[in-house]
Every structure is written in structure tokens, then in C-alpha cells.
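Report on the following structure.
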């Protein structure tokens, strides 16, 4: 409503009340102005009213919402279903242009603003989450794996001779595939066992760099967030090796934004050595639906090059989700979530420790992993594999999601490469184990239910160890679950 | 509500009425069952009530919506914002698994069903739109260009020696970039002028194949839908060349599903020769928001290989949009849209012809292009370029979107390759022109408004030809618009 | 977004595009301003975007949506459920104040504006629907019957001696009850049979006025819209009697706004005689959910007196519904609906005529009833009542809603008054019959389905006339349906 | 989805996952079944998913949502606007039938169930809120005042001779008007001052009963919730008087459900004496939008008589709101709100006490009022009235809502009756004061902000006492606010 409308309103109801309402409107506008001017996540979350007003205002700046628009092109933002238009708040034109996913669209000023602001907010949050040195980032509506692929494809143009990617092993299919899809040959660096932890073998990395020659290496591809007992890679040292050898360094930080430790590693790596880009999932760090990632880095022009590699316009949906989420939470709300996650990690850790000891098992000592925990499953007797599989299936049918059992000796071939001890990040981990993680948004109730159900399942499994396998699930079902828990669930993303 | 609930309901209100209501429920269920059993698009569109019931039923099959779920993984479908959850109908887990975008997720039976059904519906629609021989397809939440890239990356593994892609020229940036991003060298085949039309130079293609050697060629990358005066490539002949030389053939069918002519070309190409995959935009053909594409083909295993190349889970948002849209429209609704588009094309054509003649211009004769039209802009006098730019900017500010003016002699370098006569698909088209297209969803009102506004703009431009340039727009503005109308708008996707 | 926000936006994306978006915003604002200034229904319907922007702008003027509000009263517009807040567009304070349902609330400038504008739009629509002389009206969130009660209660204060209400019989329970509830004694005037039609017995009215004495009569309570073969009351003549005797005149125009004939009667009545208020249903005339009525009249101060009789604040929900509906339709859209209804009436009439004749029945000749039709059910043989009931139940189970069968000789006592021939508006109508109506929003499909199903049912009933009653429905069911079709359905509102 | 659909689903994705999803569905259904069977508010609130599934299931039982329905009546639940349909979850038929607002509609089994269940839940909540003896209640979509009117109109038929209603004074316009509208003469019983409190003058009531004669008295109309320093009426004693004299007793319990004290008074009154019905607001007690009330009592047949007095169908909107709210909260959630309200009352009380003393004022001692508080405004010097008005206007413009200032000596005439000392419930209260209340949903933040702003305002007023009146607001504005704070705000409902 503009000034004339308010004046007309004053004639209909009391001027004093309309003025009061008009004043109230200004406080919404003030928040919007601050956001556009500063490009920072507001400290306090916005209420739905401000948020929807803002989205509405942006949407009417797109040509498909112009009242007098006539479209004679092949892409006019027409929508057949009102349900679809509404669920996208009438943002139809997506983000970016054919040349650049970060570019501005003439037909869609609103969507373009949405895109810019989202990237700006996300940058702000990455800084406060522990990487203040970051200078540039953008949201891309693709999985973390595909986003890594995009980074590798971008590097190809800068390093035409390179064929290899140095990759400290992590048993997560999409990490491996991201390199295969980009057309490179992953050089797997096996991890070393230090206590219970699996850590980066720096010497092996250095030796491989010498052996292959820096020019033949596209980049080092390291990982932060991962399942225990693997721990985040030694990022500082890797970054130094990269800097010294002139090799690019891409970090898979899939769900690491939620952990100040993972973020600190990146910040330090960039400070003392070389990190070209780090990639993180939107859904795993910001509690939005699956489908987006953030590509971030310390060099504007390189990040821009990546954004220019995406051919075509892209979905605005993940950007919209994270924008709504961050504006609703505010930076204080997000910090609170981070704090609670940390607390839940301690709680889960202590509860799992207690439970494991009561079954003569042990919580693996993995102090460098800030998110994932592992408890041994060694005392399962002769038919260990069977028992472990059964445990997995029991947890599944009891609606425990996200726990995974890791048996010994699983072998799997991914895109032609055979991994021994698959799922455990190493050829021969000393024992089978079960993973559980404390991820952002977890509640105490989740932990309590999990511990209670795990307790029940362990009890049942123990009882049945010397009997025939439980009839809890049909053989067909077991196959499915074996498939589900032993082959695939290794791939978290 | 189950049987017990209905029984309880009968005790509260009259049994006869509850039974009637229960009966009514069955008709919704019947539609849902048919869909799941047949996997075909219903003839008549569903009403919102059935649609939302169906989505709701699917959503509660995902673990994040289980009432008793406890999550201890790193990806549990938690959502921070209720607005976000609602706009996705509580589908949070995305589609696919790390190994395969078409795979089933144990945690998300509902999302998995949604994905399967959507792909099945889309396949059904491609058949009825003119490619009955298609056997397999999937929706991918990426732009057409990035989807083409994915096809090329898949082919790389089958043709490790190949470096080149044969590409009949089309001045659309993302087409060109899709090859660059995949790491290949596009071999541009210039078009030949036949009458007003620009058509595939088959001889040049054949010569190039001989020259480079089939094994060094990754594939032929042809195009159907495009801006007049270019017309769809000679797909049959290209397909025969590919079959004979054992070269894969990927078709960019960006907005061709809406045209029976484009679809017929693909059907014929596949019948007489070789087409490995054809890629189309979701938004341009199905009136949904930007962000998805369909990769389709005639060989299940190759299409599956492509789907397995996407590393990681992906956004379900484009699939959800097209599912809602197709169920709302029904196949009859979609056919009606196709029919109306064709009628609008005739109407636009006749109106534009009339107008052009009244200005001593001419509608280019491009009978092979079923979607786009071009009208000459030759009588703009001395300062032709200025006048054409001005026309473009005037249309823009008058809320005509999608019309583009193509001046003579524009030169542009894309990813290192210099295009002369950029935007016109050839080095030296005989005259400048203006494009307009009849795309799905266009209304008679769009045509009428466009003709009216164009008329006004032409009048003004004529008047001012001998004067100074209009002050309608500031110089800065003109630069922007020049940028907007002369450099980039060439890229429709 | 204010000027500063747009300026900030221009720095983020191109100024030219932001300006274009800003310009587009102005067209929405223009529509809103026009509405507030003129208070008239826009000719062309608004699109959802403008509508939601408008509602959003109004809502943030209410104190419950002030970002800095602190509430220390007993009614602060707090809402426990986000779903509830959203479905009301965050209008929580209702309309009116304790003293007057049309009054302005200091706490809720937005809701107050909503209320004023709605009443203004509705007045505009009543004028164009055929009563240009109307001067004042308001929406009240109560059924038509309760709204009539409110009118009678208001009149009580002006006519303290009056005990009776003169009421030309219409067999619709809530009409009768509206007088009983208000504490008055209805004086039933039996209708006279003219041809097939039942019409007002003017002489009986005049005689009753003489007999009881004008001062003892609260008002005449007449009816326009009704089931055939009754037809609208002779409003002009009744209005003249009222004027001459100084008796108020309240018209029940329940679903008459949709018929230009009913509206014309009111216009004429007010011109030549006296009509104090006429009351119409919101849902039946404006295709909104049940729950509201419009009280309208020709004398501002009397209408205001009625609005001041409602003690307390009231639901804004019916006002919001009709506002959204009228703004979506525009006056042109509403006129189109009126036109289509008229056409459907002709169509239903001709189809029903044809069908009735094929069964040796007859469409009753009721030219004065513009909405409802009746077809005789005389050839049902001996067990006529049974057959008629069976017909009713068959139509019900076949999802024909709104058709009602009227048997002979039904007797019912309502609030102590016994009606012979209940449902047929007269003690002894010559034959049983079936009613069908053409109401606003009816589609040709409704008519065709109805005729088809009625045909089938009549066929079945004929066949079974000499057999035992069909087992199509259980005895219990029949009782229910008898109850449903023979006792109650008489009450349309 | 039915069994066949699930079977089809199992063929599309893994049977094990579909079965898991199907199992999950059962937990939603279980909650729904429990609700329908028990008719009680669930202890734990439902999540949105269950809630929307339930509403959706109910809605498709209404004939307007039947896929094969054909409507030939005058009221078929057609909706012109999709926005309107959606916001009502497609419940269009309202509740009740022309004869009875609690009756079942043949056309709308779903809406009928909704109505029954809502009334059942509300009854459950009234019991747990402190009136376990209640036996019957129903939600009516009218303000508290109009609902009281309906009660009085019902009593009229049982007590045809009665003309008077005995009414212990409460300065709330709609209370008074509820009697006037019903056509009765209120007999005002002035309150007596006990300490700071204004309490029921029982002797005066008894004397009036004797004087007028029980048969001439329609009922006693008492009040629980009210602004301090008035306190809830002495309900037990009034109930005994009514029982002894055979006079009905109607209690205005406007916002009393939220206070266990008010509820206890009603429970006790009914136990030891006579209470025929008690009426409460939906919005003030259940945090839903304005527009509904609950009429409850201890005698099923009387409550049913009232429900049969409402002529016509009614809006389902208030019922839907309270249903959604109670299912979301669960009884535990509602109890938590009640508990928090009580705590906020203590907090507000202590903070206000502290503040008042720092200004040499006093918190009035009103221990019998569990909701509202009053702080004296006596030290405002000569121009006391001016100062008090100014204070009111300052609080208003500072977005403090619900606080009201009560000057001395205000006189107002309502429907012909003149009240001296209007707003203060008595002719001559010893001092001016300011009211604040702790109502359900109040947050600590509300209290803190209020205290802070009040502090500032008092400071300013003090400073300006000897100067001219502040220019904070224009004279016109003051008039408006005077109007707003001194005349009307007395009427809370």
C-alpha cells in the first residue's frame, strides 16, 4: 500500500489507527532494508509475517508476475498448476543465466535478488560457523557429490595434463563417484590406525605426489565430516603439501558446517596452506530438504569460474529453502542449534558408553571426530555376521534411522575399484561396530529412544545367538536389509 | 481413517451418511490405485483433493514423518522451518541414493515412490507427445545444459579416446558450455542457408567425421527446438550417419516436447538411425519452475548408466512439480495445451505477417520451425544498430518479455571460441530481425498485446529515425539493455 | 519494500531490472488504491498475487502483528496454532466492537478496513445485481435465519406493542423459526393456487392486517427465492400494503441475489411501497462457505440500528471469504456467473421437460420461479409413497445432491405449529413432485449427470412398482432416508 | 491408499520399505481412531501431519468433495475461489441444519463429524479446566454477547411472563446489550465496595427478587471474569438464591475458562444451587480468532433447546479453529498454557506492585480477581483527567495494547440506561486507575516490555504535569484516543 492508499484508508477508519498500522508496517520494512543493505543474517529470526511479505515483494518483481506482461519467448515462467506456483511463492524463473549460475536475469529481478541475498547470508553464516577467512560462496542446486564434480571439471581447464586425484580413503560412494563422473582416476590413500582412530597417511600422500608428479595431479580431495572411527583429514598438513607442490585442494565438508572443529580445520588449512574450494551440503547443515550444496572458497575469481561452469539456469528451490530457514532462525537461532548439537554429542557419547560397557562392548576412542561415534560389536559369538545383520534389521523395523552396523570383511567394487573392508574406511579394521551420530537438530528424545531400542535389540540378539536366527524378519526381508545396511548405507550423502 | 474409525464415526453421526462418505473416499483411492498399478498419466486431471491426499499418503511413508522415529544419523530429514516443510509437502529426503539418482531409499519409501511414479508418468507423456519408441527416462534436477554435460560425461567412460563433439551450430550459450564443462572440444558445423532457413550441413558433418575419425568423436550433439530462422536439425540423416559410423548421438530437445514436429524427428531418427539420448527441459515443456530436465532414450541400460553417474542424492522438487502438474492436467489436459499452442502459433504467425507487411518488413519463411518466428528489421535506416537496440529496450520497458532483436554483425567469444554473427546461428545472416515464439501456455491475449505494443514501438522508432535517439531510456540503461538484448538473450535455457 | 530497500536492491542486481520490478509493483498498488478510494468491486478480477499482497498489507496493520507490540489485555489476538493463524491470513481480532458490528477497532485497523471494504463491495454488487436503490448493507457472520431474527429483535424496540408477524407460508423451517426465536407469533397466510403456481394471497394478508390491527403487527415477513411450485411473493403489492398501514416489511431474499427477477421485485417493492430490510445468504449467492448473511436496506439509520443490536465482536471469516471471492471474480466475473446460471436454468428446464414427458409426467408450469423447477411424480401407482421415498433414496446413494422428492400429505409440527402438506407450501397440492434448481455455479455437467441418473432411477422404480421394494437399501437405511428426504430437506438454508 | 495401492507400491519400490511406510501410517490412524472412539482431547498434541490427514479425510466425506457428485439444489457447497476452499480445508457446508445447530447434515458427513468431535473435545477441556460436573456444551459461531442473547431468547419460551433480568453491574457494553437485544429489561444491581474490591450485593439481589416477583424475572445474569477492582460474582450464593426462588441462572464466563478460580465458582454454584448455562468466548480462552463462543450447562435437554433456537446453518470456522488448536496442543499443552498464565499473573502482579510504589501509587488489593489487576493513578495532580488521558494515548502509540486507564466520573448512556462512573463498575470508585491483565498466552516479554514502557510514560507524564500538555499527539488525535480509551475500551468482548 502506498501513501494514497493509506490516505484512503484513513477516510474509511480512524486516521489514528491507520497511522498506527502504517507505523507498524515500517518496522517490517526496516528489517527488509537492513537485510538488503548489509547482506547479513539478522541476529534475531524474522517472524513469518515479515518473511512472507519479503518473499511476496521479491516475487512481484519477476516478469511472470507483472500484471501487464505479455510473453512471446520460449521460457516465460508460465505455470500450469496453482499449487505449484504457490509452493514456490511464485518464483518460477529459477536462478542464474545460461552463462553463469550466479548471474542476474533481466526477466527476474526478484529471483535474482533472492539468489544474491541467499549467497550473501550463507557466506555470513559460514564465517560465524568458524571460517572467517572465506571470501566467496554460492548455493548450487545439486548434491554435494555433483558439486564436487563441478569443481573438478572446472580445474580440468586450468590443468589440462592432470589425470589423477589424490584421495585419502573415505568409504562413501558419492565421494568416490564425484571423481569418476568428472573423468579422473582417484588415487586412494589408505588411512593409518592411530589408537582407535583412522587418520590421514600424510607420508603416503607426499610419496604419491612425488611418484605421479604434481602436474599430473588435478588436486587433493580431502574430507572433514565422516563416520567414526575415521576422523577428519589432517587438513593443515595437506594444505601445506598442496601449497608447496602447487596442487589444488578441494575439501569435502559435507556436514561439517555444524561442527566448529571441522570449520576450524578449514580455516587453518587456508591460513597455513592451500584450499581452493570447500563443498558442503545444504540439507545436512541447515535442516532443509535434500538437493543443494554450497561451494565456497578463499579466492573470488576461482569460485566465480566454478559458477560459470554450470551450463543453464537452475532451480531456485534450495536457495529459497535456506533463505527462509536462515531468516526464520536468525544467526542467534542458528548458533543455538550448533550449541545444542554439541551438547547432544556429549550426551549421546556418555549414554552410548554406558550402554556399551553393560554389554561388554566399548565406545571407540575417537576424540578427533566431533559428530560420529562408534561402539564395538565384537562379542557377537560365532555367527557374528548373521547377528550383526540381524541387529541392523531390528533397528530398522523399530524405526531407528541413521544407525548403521559395520561388519568385518565386506568387499565392494565401485566403478571398477575394489574396496576391501568396505564401509570401515580401511582394509582390516580390528572389529565390527555400530555408528551413531549427533547431527544438527537432534533432540534428547532421539538419544533416549535410540539407547532404549538399541538396548532391547542387543538383548534379543544375545539371547538368540545360540539359537536359529530370529523369525522377526523373512529371509527375503533380510536380503533387502542386508543390501540396505551392509552395502549401501555406507553412503551417507 | 480405517474401518474402526468409520465405525466410530457412524456412532457419532448417521451410519447412512458416513457410509456415503466412505464410499466417496473409495473413488479417490481408486484413482490412486490405478496410478500406482498402471504408472500412466490419468486421462482426466485429478482434483486438488485427490492430489493432496495422495501426496500426504506418500509423505507419511518417509521416516522423517514417522511418529515414533528416532534418528541418529547425519541425514535424518529434519527441517528447521515449518514453512519449508509445508511447501515440500514434508518430502525432505530428496530422490535417489549416492550411487544412483533413480535408486530407492530405505529411509524414504514415499519419496522413492514419488520418484518412480513421476518418471513413469513422464515416460507416458513423451510417448503420447510423439516418441512412442522411447523406453526409458528420468527426471534430473538440473538444467538442460548440465544434463547434457552428464550425458557427455557418461559417454566418456565408453569412449576413452574421444575428444571431439560434432555440433551443428546453435547460438545458445548453455548448449556450447555443456560440452566445454564436460571437458570436450566442440567442433562447430556452420549451418547452410536454404531460402530463409538455416539448416544442418550434412555434408560438412560427414566430412568432419571422416577427417577426425569416429573413435576420436565422443558424439554428435544435435538440436531440435531453436530460434528461427534456424530450424531443427535434420535428425534422421544425422542419426543415419551416427549409426553408420558407430558414433553416439545426443539430441538437445530443450523445448521440443511441446511440438509434435520436433518429437516426430526424434522418433524417426531413432527408427532409421541412432539416437542414444534426448534431453528436454521440464520448465519449458511442462509449465513448471526452472530447474529440471528429462533424460530419455531408447536403451534402458544406457539411460540407467547416466542415472548412475549422478553422485549423491538430489532435489525432489522438480519431480514433485511435474508430478503435481501432470496429475492436475491429466493427459487430456496436456494434449489440450499442445493443441492450443499449435493454434497460437498460427495466430501469432498471421498477426506478425500482417504487421510486418504494414511496415514494409517481412515474416521470414521458416516452415520447418514449429515454435519460433522471425520478422525482418531491415528498413531501419542508417543508424540501424541504434534503432534495433532502441526497439529492444522499448519492448523491455513495455513489459514485452521473450521477444529478442537480433542485429547484424554481433561478435562474441564463448569459452575461448569466437562466434561471428552471434545470436543468428550463422556468420552473416542477410538481415537483422526480431524473434517471437509460440510456447506452451501462451494465450491469445499475449499475442494481441505483443502485436499492439510492437506496433507502437515500431511507429516510435520510425519517427525518431532521423532525430536523436529517444530519451525514453538513459544511456546507462541502454548499455544494460544492449547487454541484455544483444549479448545474452540468445541463451534461452 | 521502501525506497531505501529498492536502492539497496539496485546495488545487488542491475538497477534497470530493479526499476522494472519496482514499476511492476506500482500496478498492484494502483489496484489497491483504486479499491480503497472507490470502494467498488473492480471490473476485472485481481490475480492471487495482488490479492495476497493486499491481505498481507492489511494484516500487518493489526496490533497482534505489530513486531513490537506488548499485550496486557484479556483479548490480544494471540493464536496458539500456526495453521489457524495462517488460514485467517493473521486476521485474529474479528470485526466490530462490543457496541456495533460495523464499528472500528482501535487494536485492529487492518481488520476494520477489511470489514468496511467488504461491506462496500457487497453493496456495489447488490446494486449491479438489480437493486440500485439500496443505500446500506453489512455482512453478518450468522445464518440467514438468525439474521432475520436480529431484524425482528431490532423492530421490537420500535414497536413495543407488536406480537405478530404476517408470514405468507413457505415450508422452510428456519424461516419459521427465525420468528419464533425472536419471540413473536407467526401468522401463517396460506398460498393460493394459480395454475400450477402457489402465490401470495394478498386479500388474506390485508384481512389479517385489519383483523389484528397494524400496531400489533411487528412486520410482514415475505420471501423471494423458494422451491417451485411456490413462486416469489408479490412483493410490490405487499410493500404497498405495508406502506399504507405503517407496518415494517422484512424480505427473506435467501438465494435471490443470483436472480435478476428476485432482485427486481425488491427494487420495485421499495420504489412503490415499503421494504425495511432484505436479508440474503452469503454462501448461496456468492459461492462461499456457509456462515454469513447480508442485511441490506434503503434507510441507513435503520440498517445501522440493526448492526448495533449485535452484542459483541464477530467472526471476520465470512467477510474475508466474500472479499477474496469478489476481488478474484471482479464484477465481470460475477456477472458472468449470473449469466451462466440463467442459461443453465433454461437448459435444466428443457432437459427436465423432455425427461418428464418420456415418463408420462409433466414439468410444472411455474414461470414466476426463476431458480427452482418441479416435475410431477403422479404415475407411481398404488404404493406411491413408497415409490417416491425409494426414488429419493436412490438419488441420494447415486450422489445426486439437492434434488428433493415431495410426497403428498406429509404433516409436520414445527415449534408447536402443525403444517399439513409440509414441504409443499400448501395443505393439499394436487400431486407429488420432484424439485431441482439451477443455482449459481451449476455446470452443464451437473445437469447432464442429473438427468442421466434420474432417468435410471425412474426406470428402476417403474420396474419395481409391482414387486417388493428394492433391496437397494436396508430398512434402517430407508428410515434414515425417509427422515432425510421427507422431513428435513424442506429447509434449504 | 488402500491395500491394492500398497501392493502396487511394493512392486515399484522395495516391499520392506513400503511395509515400513504402511506401518507408520497405522500410527496416524491409531490416533484418529482413538479420537473418534473416545471423543476426548488427546494428552499429547498431534503433529501437523496427522492433523491435516484427519481434516482431509473428513472433508472428502462431504458431498461437495465427492468426485461423482452432481448438485441440483440451491446450496451445494460450490466455491468460486480456490483460496477460500483451501483455507477452509474444503469444508463448505457449515454446521447444523435449519432446525438445530447441532444436527447432522445428510450432505456433509465430514462437517457433521467435525462438529460433533469439536463439541466433544471442548466438553472434555471444560471438565479438566475445573467444571467436572458439566454435561453438555456446543460451539456457536457468535460472540459471547450474542450467545447470551440466544440463551435469554430460549428462556423466554419457558417463562412467557418474565420481563426482567437481574444483573450485578459490570461495565462491559456487550453484556448489557445482550439483554437489551433479547428484549428484556436489565435490573442493575450496584456492587458493594469491600476493601478495594467491588463485590456482588447479595442482599440487593434478594430484595429485588422479592420486589419484582420470581415469575417476572427471566433469570439472574452473573459474571465471573472481569476487570479489577471488580471481582467475580458470588456465584455460589447467587446460585442458591436462584434455586430457592426457581429463577434460571445464566453465567457470563467470558474469559474464565483460563482461570481455575472462575471455573471452580461455576462448579460450586452448580453443586449447591442452580446454574442453567454458562457462556464463554472461544478466542479469549483458546487463542483462536474472534468469532465463537461455547454454551455449556448441566442439563442436556436445556442446552439442546438452546441449540435448536438457532435458525439456520452456521459457520464451521470457529469450530474448525478450536479443533485444530486443541488437537495441536493436546490436553497437556493446554494445561501448560493454563499453568504459565498463572505464573505470569504472579509475575505481572509483583512487577506492577514494584513500579506503582516507586511512583507513590498502589496496586489495588483484589485477591478475588485471578486475571486482572489495577494500579491507582491518584497522584496525577490538578489536571488529573488530562494526565490520565495522555497516559492512555502514550501507551497506545507505544504499542502497549490492552492496558486501559479508568478516569473518575465518566458518565455514559447505553441503550437508554445511564451509568455513572462508567468503566469502573460503580458510581464512585475512590480513585482513577490503570488495568492490566494476565491472559492465556502472555509471555514474560510482554510483562517486561509493558513495565518498561509504562515506566517511561509515567515519567513523562509526571514531568509535564505542570507544563502544557505534551505535543506528542495532535489535538485531533487526542480526541480520537479519548474516545478510544475512555469511552469504549471498557468493553472487552
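Here the chain labels run A, B, C and D in written order, and each chain numbers its own residues starting at 1.
Just so we're on the same page, contacts are C-beta pairs under 8 Å (C-beta built on N, C-alpha and C of every residue); 3 or more make two chains touch, one makes a residue touch a chain.
If you want to know which protein each chain is, UniProt gives these names: A, B, C, D = O-phosphoseryl-tRNA(Sec) selenium transferase.
Given the structure is predicted, the values throughout are model-derived calculations rather than measurements.
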item: Partner chains that chain A and chain B have in common; value: C, D
item: Interface numbering overlap (same over half, different under half) for chain A and chain D; value: same
item: B-C or C-D - the one linked by more C-beta pairs in contact; value: C-D
item: Chain centre separation in whole Å, for chain C relative to chain A (CA means); value: 56
item: Chain B and chain C, separation of their C-alpha mean positions in angstrom; value: 48
item: Chain centre separation (chain C, chain D; CA means) in Å; value: 29
item: Touching two or more other chains - residues of chain C; value: 14, 16-17, 20, 24, 48, 63, 66, 68, 82, 106, 396, 399, 484
item: Chain-level touch network, classified as line, ring, star, complete or other; value: complete
item: Residues of chain D defined as touching chain B within the complex; value: 1-2, 4-5, 8-9, 12-14, 16-18, 20-22, 24-29, 31-33, 36-37, 39, 47-50, 52-54, 56-57, 59-63, 65-68, 82, 86, 90, 104-106, 108-110, 112-113, 116-117
item: Touch list for chain D against partner chain C, complex; value: 48, 51, 63, 66, 68-81, 83-84, 87-89, 91-95, 97-99, 106-107, 141-146, 148-150, 153, 156-157, 172-175, 177-178, 180-183, 225, 254-255, 281, 283-284, 286-292, 309-318, 321, 324-325, 328-329, 337, 348, 371-372, 396, 399-404, 414, 436-442, 445-447, 449-450, 453, 484, 488-489, 491-493
item: List of chain C residues in touch with chain B within their complex; value: 14-17, 20, 24, 82, 396-397, 399, 476-477, 480-481, 484
